[in-house]
Amino acid sequence: MRSFSHKTPALLVKIILLGALNAFTFWAVPILLSHKTWFFAAYFVISTILIDYVFLNSKRIAGKYIVPGVILLLLFQVYPALFTGYIAFTNYSTGHFLDKESAIEVMVSNSYELVNDDAIYSMQIAKDRLSGEIALIIRDKDGSFLAAKKSGTSKIPTSAITPGSDGKVSAVEGFKLLSDAELMSIIEQFNDFYVPAGGNQFFRVADFNAVEKVQPVLAYDKAKDQITNISTGVTYRPDKNGSMVSADGEEIEPGWTTTVGWRNFTKVATDQRYRGPMGLVLAWTFSYAALVVLSTFFFGLVLALVLNHPRLKLRRVYRSLLIVPYAMPSVLSLLVWAGMFNEEFGVINRMLHTSIPWLSDQWMAKVAVLIVQLWAGTPYMFLISTGAIQALPSEIVEAAAVDGASPQKVFWNIKLPLVLMTLTPLLIASYAYNFSNFGAIYLLTGGGPTIISSGGIAGHTDILISYTYKLAFMSGKGNDYGLASAVSFFNFLLVASISIYSFRKSRTMENMI
Amino acid sequence: MTRKVVLVQQKKMTFGKWLKTMSWRHLVAFITIAFALFPLFWMASASFDPLGIVSSQKLIPDHPGLDNFRTLFNDPDHPYLIWFRNSIVISGVNAILQMFIGATAAYALSRFRFKGRKTTLMTILIIQMFPQLLAATSIFLMLAELGKSIPFLALGNSIALIIVFAGGALGINAWMLKGFYDTIPSEIDESAKIDGASHSQIYFRIILPLARPVLAVIVLLSFIGTMNEFLLTSVILGGKQNSLTLAVGMQQYIDGQYKQHWGPFTAGALIASVPVVILFMFLQKYVVSGLTAGSTKG
Amino acid sequence: MNKKRLGIASAAIAAAVAISGFVAPAQAAGSNLVIWTDSDRAKGLKEASAAWAAKNGVTLTVVVKDFGKVRDEMITAGPKGLGPDILIAPHDWVGGLAASGALERVSLTNRSAFPRTALDGFTYRGILYGIPYNVENIALVYNTKLVSSAPKTLAEMESTWATLKAAGTAKVGIDVQTGNPYMNTPLFTALGGYVFGGKANHPNPRNVGLYSAKFAKNASKIDKWFASGFLNKNSDWTYTNFYAGKAPYAIMGPWNLEDLHKSGMASSYAIAGVPGGYPWIGANGFMVSKYAPNKFLAKSYIANVVTDVTFQYTLYKSTLKMPALLAAAAKVDNQDLLAMSAYRDSSGAMPMWNIPQMASVWTDWGNAWQTVADGKSTAAAAFKLAAANVKKLVS
């Protein structure tokens, strides 16, 4: 019998950790509130209260073990998933990344143009001796001087000017001219430095020696929520897609992010170009994921069993070498495999003395993809199978052996079911992983060869996720995150419902839960 | 009686018996290792080839040399050794953290019956299935927001990366552990309870040692996973040249506008697989000692 | 029990207050110019800007970004205040970046110091968004052991190939990456194809030339090229055949020159153009972020440093690309680069379109090439389909 004394260090650790957490929240929440990040402030407060409650209450034993993990899970897994779900209902894409306010600001600020081609004036920067305000000493085209400040522009009498060499001014009464070094130290102030120049016009600092006289071409009317082109008089009004559009369809860029309802979903469901090859792509996605899981698990388990003999010499070395493929970055190994499968130069055809069109024939390409995934995925299955076999409780196995069961019987009736029971959720997860393993397809075949009837985008080895990313990121105007999110969400719903279904079907799993 | 004792008692095997029980195992191991290492020969070749083109690499390069390794270790713009250290530290911390959080939660999920238990289990399983590529965008936006207030959760900070990874601890590994805990007979807990053990003592001193084989596997899986993780790591650390991990830093060799320097990339990847193999060699001690650990009882 | 719980609680709160006293937010500021670039350019850039930075007390922070990701990061990170001041990128990104509101317009006083095509490349909807520092284009490289002089017609190239093939000295006619539409552009344009009608930076998206009338007549040539091996259906970007002396021609860009010199062909090649065709002009340059924390400094860097002859010449030395600034280009003595540039000038090439819709053009156009190479479709059918797809997406 062992003794279980109750020691204080554990309690001390608990107090320190809890104290640190509370300290962090006390410190962080005011700052979060000052930045108006309400959501995260609420998240930290609620989490801290929950943890305090669970750890200071001796009845909440289960909570002590699970709450910390769940809190992290909610922020870094569940929240991003929900956020993606939200993106699916927006037009977040090239040309629509900004919020409306910023987008309109960009439209107007990009429309500032020189009043005329030579509206560039030489200028020196000074400080008003009285107010300390920055003043631009501008030499007008007629040779007179202006002092332009953000608060207003005034003429400088010639008498106040002391001319210097190379056409510059060496002193101005009432102002202190700034040296380059002084200017560099306050250079941030000149970001978007505009000074009113009368009417609709502004002086804009081009560099330390020149200003440009500019005027906006576009003007935004907040009350009417419309933009007017001052020179042509055309008005632009917001459309449903987050763009300012004129009556005859001309659009000002950039647009802004806005919700678009189910549009991204209906696009996939109704557009022939997306819908056409969907059946083929889905069929391959399902069978691809299933074949990869089954083949890798079969080989992984068999290997784990074969190498699990206690008297097998070198088994540690064998095991270590077997996991090497798993340690290789997939971007590298997939490229190597693509090279090995090259019809003409590839080592596989050269070794077999064949000319199999590995990557350009639809069936061979599928075989190639599966071979590579067998190579890449078996080490994982081997590892978890080894772990599961090793962790079988010896009591049960020994008890069976004592009861006189033969080794074969012990294996088939006791060991294997136990191993399967431990591993089934991992197999389901692995299925889901392969279902969405974009890189495995994209880096090896790029989804090719093309399905001719699909109109060019879908390929015979494309799985749903690689196909949708092609649609969302390589067609149209560039990156359409809204569309990508919609199809990803669809992808997620599919694989999640399959998993839940197979879960319910499997009796061992039902018992597990 | 423990397995170890049995081992000691076994006599030296006769050749005939070896042929029957062992030879085919070696054969299977040889064949699969050949398959596993086959592409690595080409990688190795590319790493010694100054041209280093990988996709149509010859097995023996025309002009083999150590140029790629020299580039790898002597390029101040690509601090390989610093990346290497970062990778080991981040992966190591993360592996232990993930293992601990996962193992702890799995204990509750296996041993206690509480409200929301089924929901938690299903959520853990289902949320894993969400495509990472887009989740990365929202994590970027999240950290951009949080970083304004909390410096160590800002983009570019390794602590932020580790905490984000910790959010994935309640993943499929927790399921694996729960499945394993379920196979440990509850009589073991009960008898300890009678001996006066508290719940935490049962967990730390009985259950965790029993789970060592699975824990070792999980540490390895998390370690490799973090070493090779690219998407989140590049989103979170990208831009801080000296705090990158190998997976993200080395990508710079192959993601320039014009040239893909596969030579140094391959050399770097091969070297980076060494710590993984060493770690596994080390962890195997725990993996295979699992059977005897179970017999500490009594 | 109750007492103990209270004790823990108070201790925790005490620790909380104690620790929160020690934490204070850190701040740092100063004249810091942040430039995002991919890794190839980082070193040369630091060298070339060092003098300016030292003189003005500016800290130049060159951040290495993955080329494949930096465009998206520019768009997402910029508005969050996490973007750079300056981005170095190819000109065809300008459309997508500007359309997303990520770029600040720049002014250039001395436009005649640059070739017009390079500036056109950086102009989107009439606004200049960047200052180019290099110009590049692909060209035909031929093996002088197999071919005596630069080809004058496509037919001449085909017959050269036929002779070499019959003699068993060559395995492929032109070594060029299969299915890569950019690299195959000179061949495509030589057959009469084009992408959009319109001039300079004013493409007319309604005039899609992927299956132009002239190209339609010549399309079957592509089928013949793949059938005869004039074009190879399995070539990647590594020029295995050309470097092994097994191909009379290859299509390469200036970025291939370094490998070419390391290969067995180092002393037996010459550079020319694909007769009758033209390549795209690509320009790389400096763009200012709309959300640059130090926008004014960034603009003055662009106006004073990037337009400087020594700067562009230094970058040329470290990256081996033709400088954009004419005065710097005049100092270039690299014969290979000069020969490649000559092809651009003589063929009337134009800058690659920079409108965001090019994303779908590349995909469809590349698919067409790949499908023909795989023997899954005739060139006529494949390019007709690509043209139809592009028309639908662009309108």
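Each chain carries a letter (A, B and C) given by its place in the written order, and its residues are counted from 1.
Assume a contact is a pair of C-beta atoms (placed from the backbone, for glycine too) under 8 Å apart; a residue touches a chain by one contact, two chains touch by 3 or more.
All values derive from a computational prediction rather than experimental measurement.
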Query: Which chain's mean C-alpha position is the greatest distance from subunit B's?
result: C
- prompt: Any idea which two chains share the most contacting C-beta pairs?
  reply: A-B
Query: How many angstrom between the C-alpha centroids of subunit B and subunit A?
result: 22
- line: When centres are defined as mean Cα positions, the distance from subunit B to subunit C in whole Å is 37
Query: subunit C: which residues touch two or more other chains?
result: 25, 76, 236, 240
Message: Could you pull out the residues of subunit A that touch at least 2 other chains?
response: 31, 339, 342, 345
- line: Residues of subunit B that touch at least two other chains are 55-56, 137, 141, 145, 251
Message: Per the contact definition, I'd like the list of subunit B residues that touch subunit C in the complex.
response: 50-51, 53, 55-56, 77-78, 137, 140-141, 144-145, 151, 155, 234, 238-239, 241, 251-253, 255-259
- request: Using the touch rule from the top, collect the residues of subunit A that touch subunit C in their complex.
  value: 11, 14-16, 18-20, 22-27, 31, 52, 56-58, 94-98, 102-103, 106, 110, 120, 180-181, 184-185, 187-188, 190-193, 205-208, 212, 253-254, 273, 339, 342-345, 357, 360, 448-450, 452, 455-457, 470, 473-479
Query: Quick one: in the complex, what on subunit A touches subunit B?
result: 1-4, 6, 10, 28, 31-32, 34-35, 37, 40, 61-66, 68-70, 72-73, 75-81, 83-84, 87, 299, 302-303, 306-307, 309-316, 318-333, 335-340, 342, 345, 347, 375, 378-380, 383-384, 386-388, 390-396, 398, 418, 421-426, 428-429, 432-433, 435-436, 438, 465, 469, 481, 484-485, 488, 491-492, 495-496, 499-500, 503, 512-513
- line: Per the touch rule, the subunit C residues reaching subunit B in their complex are 25-26, 36, 38-43, 63-69, 73, 76-77, 80, 82, 90, 236-238, 240, 253, 255, 258-259, 262-263, 284
Interface residues, subunit C side, partner subunit A - complex: 1, 5, 8-9, 11-20, 23, 25, 31, 56-58, 72, 75-76, 79, 96, 98-102, 105, 107, 109, 125, 127, 232-234, 236, 240, 290, 292-297, 299-300, 303-304, 356-357, 359-360, 362-364, 367-368, 370-371, 373-377, 385-386, 389, 392-393
